[in-house]
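Structure first, commentary second.
Chain IDs A, B, C and D follow the sequence of writing; residue 1 opens each chain.
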Amino acid sequence: MALQHPAFAHIPATVKPKLSPKAKETIVKVYEWVENECIPAESIMERQLEGHRWAVQPKMQELRGRAREANLFNLFLPKTFKESPGLTNLEYACCAQIMGRCYWAAEKQKWLKPLLEGTAMSAYSMTEPDVAASDATNIACSLHREGNHYVINGRKVFGGSTMNKDLTFFILMVCSDPENPSAWKRHSMVIVPTNTPGIKHVRNLTIMGYDDAPQGHAEYLYTNVRVPVENLILGEGRAFEIAQGRLGPGRIHHCMRLIGQSERAYEMALVRAIDPQKKPRGKRIGDFDSNIERLAQMRLDIDTMRLIVLNAAETMDLLGNKAGRHTIAHSKIVVPSMAAKVIDECMQMHGGLGLTQETFMPHAWTYARYVRLADGPDAAHRHQVGRDELKQATQLQSKHRRYKEQASDLAAKL
Amino acid sequence: MALQHPAFAHIPATVKPKLSPKAKETIVKVYEWVENECIPAESIMERQLEGHRWAVQPKMQELRGRAREANLFNLFLPKTFKESPGLTNLEYACCAQIMGRCYWAAEKQKWLKPLLEGTAMSAYSMTEPDVAASDATNIACSLHREGNHYVINGRKVFGGSTMNKDLTFFILMVCSDPENPSAWKRHSMVIVPTNTPGIKHVRNLTIMGYDDAPQGHAEYLYTNVRVPVENLILGEGRAFEIAQGRLGPGRIHHCMRLIGQSERAYEMALVRAIDPQKKPRGKRIGDFDSNIERLAQMRLDIDTMRLIVLNAAETMDLLGNKAGRHTIAHSKIVVPSMAAKVIDECMQMHGGLGLTQETFMPHAWTYARYVRLADGPDAAHRHQVGRDELKQATQLQSKHRRYKEQASDLAAKL
Amino acid sequence: MALQHPAFAHIPATVKPKLSPKAKETIVKVYEWVENECIPAESIMERQLEGHRWAVQPKMQELRGRAREANLFNLFLPKTFKESPGLTNLEYACCAQIMGRCYWAAEKQKWLKPLLEGTAMSAYSMTEPDVAASDATNIACSLHREGNHYVINGRKVFGGSTMNKDLTFFILMVCSDPENPSAWKRHSMVIVPTNTPGIKHVRNLTIMGYDDAPQGHAEYLYTNVRVPVENLILGEGRAFEIAQGRLGPGRIHHCMRLIGQSERAYEMALVRAIDPQKKPRGKRIGDFDSNIERLAQMRLDIDTMRLIVLNAAETMDLLGNKAGRHTIAHSKIVVPSMAAKVIDECMQMHGGLGLTQETFMPHAWTYARYVRLADGPDAAHRHQVGRDELKQATQLQSKHRRYKEQASDLAAKL
Amino acid sequence: MALQHPAFAHIPATVKPKLSPKAKETIVKVYEWVENECIPAESIMERQLEGHRWAVQPKMQELRGRAREANLFNLFLPKTFKESPGLTNLEYACCAQIMGRCYWAAEKQKWLKPLLEGTAMSAYSMTEPDVAASDATNIACSLHREGNHYVINGRKVFGGSTMNKDLTFFILMVCSDPENPSAWKRHSMVIVPTNTPGIKHVRNLTIMGYDDAPQGHAEYLYTNVRVPVENLILGEGRAFEIAQGRLGPGRIHHCMRLIGQSERAYEMALVRAIDPQKKPRGKRIGDFDSNIERLAQMRLDIDTMRLIVLNAAETMDLLGNKAGRHTIAHSKIVVPSMAAKVIDECMQMHGGLGLTQETFMPHAWTYARYVRLADGPDAAHRHQVGRDELKQATQLQSKHRRYKEQASDLAAKL
């Protein structure tokens, strides 16, 4: 596979040798798909939502079918699944950064994950309006057993809107054993069909003004919602165990996509920079060396993000998700803010129209802003990193004390 | 007027002695109005828009009527108008910072300004999609005279949506004399009723996803639009002259309101900080000293913005708008970014729901973001300030050369 | 006094009307003094230190004498002293910002303060190497009474070097009553002549590499140092009471001077910008619009600092030092970092030589860096501001709850 | 070689598999050498300078001898030299980051490079006080041939001090052909023994107050300095060709060392964080979660720098110095500022003593600050990157235009 193909333009030279032939082929296919099928379809997709805000668009249905045929589905699936194309995290990261260029190019995969081949959609529902969900041990929505059923009571926010009829079930995080002495064994995950009696759709939520139709976000009230005991995933009290496995990939998946969005916004800024129609004070925007410096800084920021995320992906490949936790946190803390900064600067270089629906950038910024909070605010992740670091302090104390003792010895000999 | 009233809580001690009794009375009236009538009406106003997105809400109509009766209209009018309450810029700034707490509290005045007592609305329309409007000498929408009419051709963006039937005319910036040797005498301003034949409403625009109904933003195509010659304001080629007079107050008006928005977001962050329901890792948010430091920094940022804006307002009072131009630029460059930063941090302290319509903050952030571009991006204003500064460099060169000569003299005497 | 004089160039229009005739006259005298006597003498002063590093320079002695004759001494003294020129804090701030242009122009006053007319020097000595002195209640150097003497034991850092023979006494902060239930009554201040037996000069200290001769900084060991009981200032346990009175002015005094240093560095950057000898890629530095923007941002930063400090000075005039505490903290937290940033940027615009002794900037940067720690790190001051802010949170909680209740009432009436 | 050895603690998991057995062995040797021989010797080295400021210290002489015996010399030498240990850039980068922990641990190699085994020292001398040397084509110091000699006239700054008698020759960058139509062929490099008649040592220079003895920095005046023609390196007009080859490794060498300095400062901050003697407001510094967040951010910043520098080193290994130019610029622009920020924060966490000679940090900060200017200010490098980026804009313009065309096609088919 010729590495001169534009799909490889921003894959670091240090990463290219690590891509399998299969991965290279997939990267090119994903690139062609996103460039030729997804991005050009964005505006028609938007139009098809008009008047049918909560139905999946016909164009989206068509693209999904064709993606499945082209084997572009389930790229993210680990090798243990038979449908998996067998990409490493590093290879998948290279694909995801391309898919990220188009907001929904990766999205359809995520929603179809549970059923892989079907058309049903699920949503993960964790956050609650009444507790600090950034510390997930606070989740309070209750689940208790009555005979062969579990009964659920509580409130949830985000996690997709049931106005979208394709959303068929929630994967709900609940508190099943509030008195368990271990805070990490009190919670469970359970499958709840969206049409179960007792689920009240209170209202749709917007994020920075966006309703994100047709998936959407909403608030729900659960009152004595009953599901069969078989719907419990893995077993009572094992929610964190389940989460553990998918948190790493999930966290950096968002980061990878944000790099794609940043790269695309940056390309638009470069194009704007040479637009002969836009000449404040008689010069094209890219003739101002203040803008040349801004473009350079954005390029470096994007490259920095990419090195951080690819390092996390490869570390997971080498050591597993758990040992890679520091590199995942590195991505999760640094990327969303930096991507938002880059996209914001690109909008600014477009003047007033840069803030309108004329470009994809306002929505991309909103996504970056959202990821800064999704799965915990960056401050919470910094706390975790900082506490891990402090664990080594005692040992370093000995080492630094030793420096002084050896220096005294040397001075004594003088 | 007791300065202990909460309306004065954030007016600097150094400014209080400069407020007239009339101004103090007005500040209290504005405060009571905003706190008791406007902010509580926000959610109902939002609901009244549902299904009637482009009509001014009944509650808004009611509030406008009562504001007029309470003499809270036209606060901004200069003393030369008989309807003017006679406030200085500094005094008006104190009012505007309170009105800013509610997005539309000051808005109704702006829109009604042209007719003062009527219900008609106007919109200022300058920006164009095809040129770099940050340099207003680029404005290309053409106007030429044919007998007793002017004929207009061109494209415009922003400037209100005609889907709102209360919008009755545009104040249009046009290029009337493209060959004039002085770039500052090529443009004119003309009144164009919104129902004039030849104006095509191409589409509504959103800003960061917000349609800002019922005022809105839109794109227009002008094809041979004819208006009587009397509609020209002041005279041909005098657009920049007109702009000059209102730019200063207009620019800092936005800044004042942003301070009100920041102050309110900050109050919400303080309230969140002591919320006993929100306890990540067992502590209230305000028990984390990282958040204590963040709150402090936000308080200082708001106070910094306020000193800058009040200084600009008072400088205009003392020296006029033209001589105050540096202080106005100081506000225009510093405040929108700083306000956006403060509001962003307050959203972050609210977790995921901080980004939804649950709070006024996402819309406030969007407003701050917009003001960073409105009336020119901050980079353009920095360029202007920088060029002004460089004009003194030659004189400073002499002074610094003199230091060295005197130092040599001293050394010679040693 | 003509306000066109360059001494008033950077005093805000809003402040000028508040200056008394006496103050205006003083400001001009200070300006002429600094510009014509102090700055040109800098290099000779540096040369006179060579070989006599710890003796006050002859040129400094001469300038001191002449400053006293010109009544430029003791500008800072409150009106209660007969030697005071009677300036308000605001007026003094305007002088101090000019004196700040030359590192030591204000310095001689500070050192001579205790004796006003004499030539003896004192140094305030508080910090200790073994405790977190940012929280001054930790100060541990002990003082206890034995008959008619106090006996002192402990270690101190900073506070001037006794290698300078003109330093005649320390004002020492000590712990006199460690068991007092109130942490604010455990400490005292005592006068200790530098030649008292038992004081060991351990070593001189450098700050960022500077020895700051001839005043200097040093580390001391106090072993059974005895002083007569009359040397206690005000009374046992009253150290914080004494400190309280002078902290405000002391803190903003540093900030004022940093503004002078920043303004001078900025002037040098402007001069550099038009230097015809310095042409990277064929353009003068000031022809790059990236530098034009940088210069503008620096000007705005300096103006921002000035508004903050002058507001603090005037608030102290109006309300006293205690009520002005928030405005003082505002200065203390914002100014040192911002001044360091401005000076750093000016150095950068000078290329490699900007970091050498060729300019005053490296020393000025070091001073700004030092002030960020002197009298407590900025984090400690932010903590204090944040804790003060949180005291209002409960009241705001009620207000924001009321908004919601009123909104519900309105909705119910609909 | 056990990768559990602390020498590998901060080498990314993704880099470890790329280290040869020889490299791993060397890394451990370097680590032991720096930790046990260099860092403990710092204070004695400082003491040996007292009174002999410009002579290489006896301890340094001893360490050099032993390093040579231990084969720790010439680690940086490319494989083409017989003395080379044959490390890749990536492997050398891992060593250099460890050597960086001690300011002079790598220094002795640099100075001895020209003669490898001897004791003579050279210094590279390029910068001039009279031109903008950030654009090296401005270098003006002239060289012209007279018979069998070259005659040199001009002024130079930096490049070592001849007060250090071990400095035996300069490698001087001169302008040999000012009229050459190609700006890149006007300059040459020539070897000039320091004792050549006509070289005047004008004065020593300090950098941020540091004299950096015994190597030092100085200003020189060259008046008719004559050297034999054999002293010309490579040929007339080939200075940029020579520079090209060593610029890449030279630039990232500084960056690597800065990472070592940052890592060591960070360790000191961690140790400080658990110091039981330092308790502002009753808590250890590391018990404040604001500091926990700061420590986390520093760890992430250091890790970010490391990924960037190692990526540059490996890219040079894979593609050569020229093709790696973007990754080198990435390091050069990002690392010095970020390292200075980390070290500054670590100083701040140490309170006042953090700014004194008590710790290595003030000198380390100064080094980072210096590197931000050495070899061109970061703005110049950003300009270069930005100009390179703009070269792709036209191609991107076509691509983005194609998106729109394809979208129109799709819409037409609807």
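Note that a contact is a pair of C-beta atoms (placed from the backbone, for glycine too) under 8 Å apart; a residue touches a chain by one contact, two chains touch by 3 or more.
This one's a predicted model, so the numbers in the text were calculated from it and none came from an experiment.
*Asks:* Between B-D and A-D, which chain pair is linked by the larger number of C-beta contacts?
*Replies:* A-D is joined by more C-beta pairs in contact.
*Asks:* Using each chain's Cα centroid, which is most distant from the centroid of chain B?
*Replies:* D
*Asks:* Using mean CA coordinates as chain centres, what's the gap between chain A and chain D in Å?
*Replies:* Here the centre of chain D sits 37 Å away from the centre of chain A.
*Asks:* Report, in whole Å, the distance between the mean C-alpha point of chain B and the mean C-alpha point of chain D.
*Replies:* Taking the mean C-alpha position of each chain, the two centres sit 48 Å apart.
*Asks:* When you check chain B against every other chain, which residues touch at least two of them?
*Replies:* Chain B, residues with two or more chain partners: 289-290, 292-293, 379, 383.
*Asks:* Can you check the complex and tell me which residues of chain D touch chain A?
*Replies:* Going through chain D, the ones touching chain A are 12-14, 17, 35-36, 39-44, 47, 59, 267-268, 270-271, 273-274, 286, 289, 291-297, 299-300, 303-304, 307-308, 311, 314-315, 318-319, 323-324, 327, 330, 333-334, 379, 381-387, 389-390, 392-394, 396-397, 399-400, 403, 406-407, 409-411, 414.
*Asks:* Per the contact definition, I'd like the list of chain D residues that touch chain B in the complex.
*Replies:* Its residues touching chain B are 288-290, 292-293.
*Asks:* Going by the contact rule set out above, which residues of chain A touch chain B in the complex?
*Replies:* 127, 129-135, 138, 157-158, 205-210, 217, 277-281, 285, 290, 344, 348, 351-358, 362-363, 365-366, 369-370, 372-374, 377, 379-380, 383
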